[in-house]
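Encoded as structure tokens, the structure appears first; notes follow it.
The first chain written gets the first letter, and so on, giving A, B and C; residue counts start at 1 in each chain.
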Amino acid sequence: MEFPDDVRYTKDHEWLRLNNGDGVVGITDFAQDQLGDVVFVELPAVGAELSQGQAFGVVESNKTVSDLFAPVSGRVTAVNPALRDEPERVNQDPYGEGWMIRVALGRRQEVDGLLDAAGYRALVEDEKS
Amino acid sequence: MLLDEPLIFERGSRGREGWDVPPAPAGEVLPLPAELRREDDLAGLPEVGELEVLRHFLRLSQWNYSAATTLYPLGSCTMKYNPVVNEEAARLAGFARLHPLVPAALAQGALAVLAGLEDALMAVTGLDAVCLQPAAGAHGELLGLLLVRAYHVERGNPRRRVLIPSSAHGTNPASAALCGYEVTEVPANERGLISAAAVATVMDESVAALMVTNPNTLGLFEEEIEAVSAAVHARGGLVYMDGANMNALMGVAKPGDMGVDVMHLNLHKTFSTPHGGGGPGAGPVAVRAALVDYLPVPRLVRRADAFAWNEEAPKSVGRLHAFYGNFGILLRAYAYILRLGGAGLAEATRLAVLNANYLRARLVSTYHLPYATPSLHECVFTDRNLQDHDVHTLDVAKRLLDYGFYAPTIYFPLVVKGALMIEPTESESKETLDEFADAMLRIAAEAATDPTLVRDAPHTARTGRLDETRAARRPVLRWRPAPPAAG
Amino acid sequence: MSAYTPHTPGDVAAMLATIGVRSLDDLFAHVPAALRARAAIGLPAGLTEPELRAHLDALAARDPGAEAAVFLGAGAYPHWSPAVVDQILRRSEFATAYTPYQPEVSQGTLQTIFEFQTFAALLLGLEVANASMYDGASATAEAVLMARRLLPGRRTAWLSRALHPHYRATVATYLRGLHDVVLRELPFAADGRSDLGALRAGLGEDALCVVVGYPNVFGVVDDLAGAAALVHEAGALAVSVTTEPLALAMLRSPGASGADVAVAEGQGFGLPVSYGGPGVGLFAIHERHVRSMPGRVVGETVDAQGRRGFVLTLATREQHIRRERATSNICTNQGLCTLAVTVYLSMLGRQGLRALAEANYRAAHLAAARLAAAGATPAFGAPFFNEFVVRAPEVVARWETLASEGLVAGFPLERWYPELAGTLLLCVTETHSTAQIDRLLHAVAPLAPKPRAARA
């Protein structure tokens, strides 16, 4: 199970990586493992305004469907076009090619409230036990 | 099982005719305008012969397990024997060829069937009126909740919420949402039951109804049902009962006596109509007198000398099916009820409960039983005792197929992790139950000695485990004609 | 012991001993005694099988026999069905299976549904179809609900007044609990087609969809292409509804005419009218909308050895996973009815279906011409398939009497359309004999010399 240090985490198992003032968002390795084979990812339109904690999309595996929650507020500037035809990227590379949306951050200070790798790892250990 | 069989579209030969259609009458007619004519001349439809068609579908039939060919212990589905004589009844020309719009005077036989069935379902449920129009249980739920809404609207406020136990079938919240209601979950207690106290905690004047399945999806009778109903009624709410498990209650307890105001029945479960690979079914709704005015149109009325349809019902919620619902299914259920009579229906319930408890007793020392509460017509086990061998509910289900049995309902209800929900019905003999129990025990033993054998099952079926991920990621939902060859 | 249960007293005793209780009653001890005390079912004793058959035979005999001449369609259509269809429907392997949850031992059901989906998509002229809905009326309601999911925020759903009234009523019922859709009625013009001028004038920015019958309840081939073009200009969806599926074998397909959602009642394909049910709803859409589609759907895949097989798929749209956010609360299809449709269409095949549609078209048009000559003039001028409306007030006045004599002279439309008093909706298919049509003519013009056979 990977917990990279270059991203911040939510309690709902999304991650956020800061990149030139934008935030890139995806779901964690733990989340993809729990979901099983991802078969479809529903993402918002570019330009959509998100507020922190708001459901911005849906990830579907064979047997379950989960909401995706925005780690931060902001405007969606890009969605990962590859997921439309290759949702398996979420399983194969959750922190890389399985990214979901890019957000122009609305309130930078929200990032400080997100978990770091150690905090998220503790959360996951807690959920597993 | 081993014969290969392509799609019907991959069979046949260009220009071959299957069935000689009656010749078109001669004479001058105005042709259909060209711009309204079919654009593709029906390209892609098969061109196959009669024997070819018969053989195709007979071969496919042999790839199915069915309730007639083996024990089909799907929990919550009541896969009882579907009497053959009922199939004859549905094919009588006076019923099968009866057009729904003939004047009522010409349909008195069919209307007598419907009236007789309404009466019988009232006798079983202890409620005051029945609507036979819904085509399935979920369709009945939709109607039931629309009746609830209409009832509250007339009292000034449709209300906002519906209470649903966490063990409920997924159709319950889906139906509530379709009627514009928010869902509030009611947790079950440690015995798998809902308590009147738990209901009272979340009950207030914003709640339109409680939807309760009794016995619940764990096969357990809701022992506090009378107090639960009273708690709902005390704040002006109504009690909706999902009657999916009515096979456990006939002659045991009437929903009308439990405080239920409105419910649906699944005739394809309790009343023996064939499941047909997923339908057609029928989901009649029974109601207390206070809800009668809202029932769909048309209503069957009993006049002194004849039956008739009445379309005039100003408070009715309308209709939710063309004509009168699935008459052919209603007829089969009526035949079943006539054949068994009141005492026979009660006996069916008693033996269904006996069979489920017998299986529970035979399996309980091997499989983990999450709730020790007494079972009625089905029992729910889990895969917990097999997990050390990395063998799971899905594997047990697949291995049962090798033993010639269909699988129980699995991973439902959601409140039980790794659920195996077994409903044998009253139709099965002790010998068949013993064979099934023996197979379940052998699978548990195999899980310890040869877990791969179980994990790779089925080994004898038409196909191995199918790649469901591939099916969902890149859906192929139909056959397509091959592109024309180049040149 | 009752019918259909195999238990001997010895079996029951042995089973009770294994369970560890003394009597069957003990199994119900936890059910409140007050409930049990009142639970006896007040119904007579059961019948033997011969008694049951005699009883039902007697009831069936009260309904009109095969010798009656019934010219009714209006949503339920009489057609001959090849004997092979019923032979397959009687196969217990199909009839007594459940929804195919265990695909490895349900390939028979799954492959036939996949074939059904293919037939439905081909006939409706769209890319994909689901595994069926309850009937045409509920499928129409599901189509409007799907439009609501695809175009959130748009509120106005237009239903043609020439759409079957049971279908319109069903849509209204399904929408009763939801407050974000308003139904508006699109009037019909003098030729029996939906009034596109009124549609053009009425369509606005909040248009959600337009639903038209194709053919409509008058048997008239509505201007689906014209309606679809207007609807698309407004950014809304076109829904076509076909109650007589055989018409699809002759008419330009709904998809080719611009429908975004095409539904149909499949009863005419191999199912008896059976007093109005069961039927089966066909439901087809563009592939891009598939994740918003209601209902079960079967897809193709492979097993570990690469063998082709079929499974229920896209289940995340459905109630058992998505619960209150499902695309529909439906959790079955009309399995056995899809089988009937599939076998029927296989039997007729491309040639047979074309020929049968042609035969229906000709039979209805010849009958209409003879009726017009006898004084029952057409009420509408637009093209029709095998159903049409005539003005015949004298026949309407005697409708029940004629029916009691074995001639059901169509359906008096006044019961559904007060503005069409004095008209009859007549359906003529391949099942109607020349002698039956002569009876109808005789009723229209009793004083005219009895007409000779149509093909004389």
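Methods note: contacts are C-beta pairs under 8 Å (C-beta built on N, C-alpha and C of every residue); 3 or more make two chains touch, one makes a residue touch a chain.
Note that the structure is predicted; figures quoted are calculated from it, not measured.
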Farthest chain relative to chain C (centres taken as mean CA coordinates): A
Innermost chain, taking as reference the mean of every protein Cα atom displayed: B
Chain B and chain C: spacing of chain centres that average the CA atoms, whole Å: 20
Chain centre separation (chain A, chain B; CA means) in Å: 39
Chain centre separation in whole Å, for chain C relative to chain A (CA means): 45
For chain A, residues that touch 2 or more chains besides their own: 39-40, 60, 62-63
Shared-contact residues (touching 2 or more other chains) in chain B: 468, 472
Two or more partner chains touched - positions in chain C: 315-316, 321-322
Chain B to chain A touching residues, read off their complex: 411, 468-469, 472-474
Chain C residues within the chain A interface of the complex: 291, 315-316, 321-322
Chain A to chain C touching residues, read off their complex: 39-40, 42, 60-65
Chain A - residues contacting chain B, complex: 37, 39-40, 60, 62-63, 85, 87-88
